[in-house]
Amino acid sequence: MKVTLKELAERTGAALRGDADIAITGIATLDRAQAGDLAFLYNRRYRKFLSVTGASAVLLAPADAADCPVPALVMDNPYLGYARAAALLAPKLPVSPGIHPSAHVDAAARVDASASIGPHAILEAGVEIGEQVVIGGSSVIGRDSRIGDHTIVRPGACLYHGVTVGRRCLIHSGAVIGADGFGFARDGTQWVKIPQVGGVHIGDDVEIGANSTIDRGALKDTVIEDGVKIDNLVQIGHNVRIGAQSAIAGCTGIAGSTTLGRRCLIGGAVGIAGHIEICDDVTVLAKSGVHKSIRKPGVYSSGWPVQEARTWHRYLAAIARLARGRGKTGEASE
Amino acid sequence: MKVTLKELAERTGAALRGDADIAITGIATLDRAQAGDLAFLYNRRYRKFLSVTGASAVLLAPADAADCPVPALVMDNPYLGYARAAALLAPKLPVSPGIHPSAHVDAAARVDASASIGPHAILEAGVEIGEQVVIGGSSVIGRDSRIGDHTIVRPGACLYHGVTVGRRCLIHSGAVIGADGFGFARDGTQWVKIPQVGGVHIGDDVEIGANSTIDRGALKDTVIEDGVKIDNLVQIGHNVRIGAQSAIAGCTGIAGSTTLGRRCLIGGAVGIAGHIEICDDVTVLAKSGVHKSIRKPGVYSSGWPVQEARTWHRYLAAIARLARGRGKTGEASE
Amino acid sequence: MKVTLKELAERTGAALRGDADIAITGIATLDRAQAGDLAFLYNRRYRKFLSVTGASAVLLAPADAADCPVPALVMDNPYLGYARAAALLAPKLPVSPGIHPSAHVDAAARVDASASIGPHAILEAGVEIGEQVVIGGSSVIGRDSRIGDHTIVRPGACLYHGVTVGRRCLIHSGAVIGADGFGFARDGTQWVKIPQVGGVHIGDDVEIGANSTIDRGALKDTVIEDGVKIDNLVQIGHNVRIGAQSAIAGCTGIAGSTTLGRRCLIGGAVGIAGHIEICDDVTVLAKSGVHKSIRKPGVYSSGWPVQEARTWHRYLAAIARLARGRGKTGEASE
């Protein structure tokens, strides 16, 4: 891809400073950029490379523009500018429309002619595949599931039956969507399975990371609203609802029947209990545990940062003494 | 599926109150049920919908029966009744016996004529597939592995060689059973792999969640006893034994050579160390860490619930002061 | 496999005591070994079986040799000896060189004649497969990815495009290598994806566990250096570098752009924040959270071991009182 700096200014919404006609063919960090590259600056640690960059142009904030030795794209949020420029400049993987001969597509599935169905993919009866959809090799789309226009399913993802995915979604390899929720009743010492007959409903512009799992609802649908971004190895239990534009980092689990609000930011390796409600605009920091509903926007945490093991053992001992003291004699310092 | 209320009473073990002959065709929550549906009440939060439900009948506890405006199925454990009724009423996915022509079945694999082997499935030499077994598309069953009668393996699951699965199990997509345990010896600064030559033995009525992993033993088998239920993204290390009827929630990991007793309940995102023993009837709450053997039945925890980040930083500071004070001057409050 | 004890002594580097010519055909624990087996002793708990073992020979440390009732292989690190002996004695899975007719291999992929490509595997254009490589059934190797000599990819693993894997690696089923890193810029309340155009570079002798995920870099490569061992369900974010010979246990996550040193040992279910540096020779114990850079080798921890729930609630209450007291009145014990 080759674009002029002028075109990049228009696409990113940045102000152009310098020669509008230079050709840009790639994007790179300040320290690695070469002639033809657009570099960018938003991380302070890279500031030192600005004066010596080999880039043909740099995308940066107004405060840094005066020191830029080459033509510049100037905007308040250069990280957003980077995202927009990279979308234009990043190489695209080639896609061939049509159904690969080795794919298994049920006669009762409907596939738009512009879609690409990879080798060994499986589309069961009743499946509907929209325009420009890409289904990667060895992926499985279960009975009656529907994939909206421009959505990409990477190789080896599994969607069970009755899963609806919106438009412009990206589902990574190994993701499993629509497996049974974890529901059992006790019959003495035996477990009796609760059949999981709901589905999964995924909105538009959702990204689901590699090997993440989203269970189908017990009776109604598990719902992922528009614009939600889910990282790798995330578990979403049955009947959960994730509000629009929320982002969930890797290794996090959300137990069944919980509702997460809109624009929430959930850090990595967070655990969220079942049957609770978290309101809009809540941030939960990494490694935290959420046991109760959160009704007030804000930043929440319960993660303990590592100490040297010797120090940490003093922590463990200190709180054990404190709790014991209180329990037995009431001598704690309150 | 269409059954009479009388039939449902027999199948659930509930007492029938009202017209025994009404036809039930579905199951739904109290607030969403319509004519033809059986609704159920076990969660207090739904109590308010009882008087206005559109259900044709309701399954509930004796204490609620007097307020039920429609015919009722009455039993002490309505959640169990719901499980049993739903098993009868839930729609079943159609299954076609036989081996899909695109499956790769080794000449030395034995497949019962009543089994269903999906598209692109792989059955290696020596595999044995029992009666009514369903092997989903793109699943892999490794050399000499055996799948017991009525077990279902969902699409995209991988069983390595030498894995034995009992009857009526359900293995979800992306589960990997029989990968090498994590064992290495140090040779100076290099690692030398310990070959993992044991297998995996899974009992009857076991459910294994999507993308969960159960490693093969180093020398003997990793064992999952009858009736164990394992949620999504759970890791079970080599040589582990999980006692009958235990249930393990999502994102939990159990390190190698640990034994978990019977009827244990392990919450989500729990970490259990290797080489320890946990006795029968232990409950471990979510996000806890188990570092030592537990020899007494009961409920255990070490999870910290989130606080607002400002409050949480006071927690961190308070225990740091406490541990430091003790370490240096002995002035702590004990 | 049948070898003499003399041969085993040479291969393990152990001193031989007793009949050099006896034939060994298997390896087993002291308590289960039978005639023809080599047993080994490094775990104190098995010491009691030494005098009664049915093994034909035992591999053990000098301190235990005097009590060995059968011929012995004696060395300082018998666990290492066990690894070496098992590598020789463990049964090998049969491998057939060649491309299975059901595999989909792009015309522009290069596969060494000695490699084995399993049923339904997918090799995209530009892929290079080295000598003696084994690609398991249903695995996917994306465009322009390269697999070094003697590397094994188990069934159902997915490598995206532009992934380089070294020699003698072992990649387990369900592993996903090269999925997009989790990078988004905010545009008001919407997320704009940062295209992930880097690759993944994996050195020699690396093992990657089942269902683990290693994301591709945003601009440069994510790097896993030589000899790294990664357990199951581990998440490695984009731009991460893992130093040579480090080992990472199951359920651990490492966020983007973090550098981990050489010979580090990371326990299970650890969370490591993004954009930090951990120096060489750091051990982090299970369930810990690493929020900041670690610049000093040593052992680090922040894991809380479970208590009975009643005791644990006292812990929670004690620290809440302590933090509150300090915050309000300054009466804490510092």
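Labels A, B and C are assigned to the chains in the order they are written; within every chain, residues are numbered from 1.
We adopt the following convention: a residue touches a chain if its C-beta (ideal position, glycine included) is under 8 Å from a C-beta of that chain, and two chains touch if they have at least 3 such contacts.
These numbers were taken from a predicted model, which means no experiment stands behind them.
Q: Since subunit A and subunit C are copies that touch, just let me know if over half of their interface numbering is common to both, same, or not, different.
A: different
Q: Fitting on CA atoms only, what is the rotation between the copies subunit A and subunit B? Please report it in degrees, nearest 5.
A: 120
Q: Can you check how far apart subunit A and subunit C are, centre to centre, with Cα atoms defining each centre and the answer in Å?
A: 26
Q: Among the residues of subunit A, pick out those that touch two or more other chains and give their numbers.
A: Within subunit A, residues 102, 120, 138, 156, 174, 211, 233, 251, 269, 304-305, 319, 322, 324, 332-333 contact more than one other chain.
Q: Taking the touch rule as given, give the residues of subunit C at its contact with subunit B in the complex, in rising order.
A: Going by the criterion above, the answer is residues 27-29, 32, 77, 79-80, 82-84, 86-87, 90-91, 93, 100, 102, 118-120, 136-138, 154-156, 170, 172-174, 205, 207, 209-211, 227, 229, 231-233, 245, 247, 249-251, 263, 268-269, 286-287, 303-309, 312-313, 316, 319-320, 322-324, 326-327, 332-334.
Q: Under the stated contact criterion, what part of subunit C meets subunit A in this complex?
A: For subunit C paired with subunit A, touching residues are 102, 104, 120, 122, 138, 140, 142-143, 156, 158, 160-161, 174, 176, 179-180, 182, 184-187, 189-195, 197, 211, 213, 215, 219-220, 233, 235, 237, 251, 253, 255, 269, 271, 273, 284-285, 288-292, 294, 298-302, 304-305, 311, 314-315, 317-319, 321-322, 324-325, 331-333.
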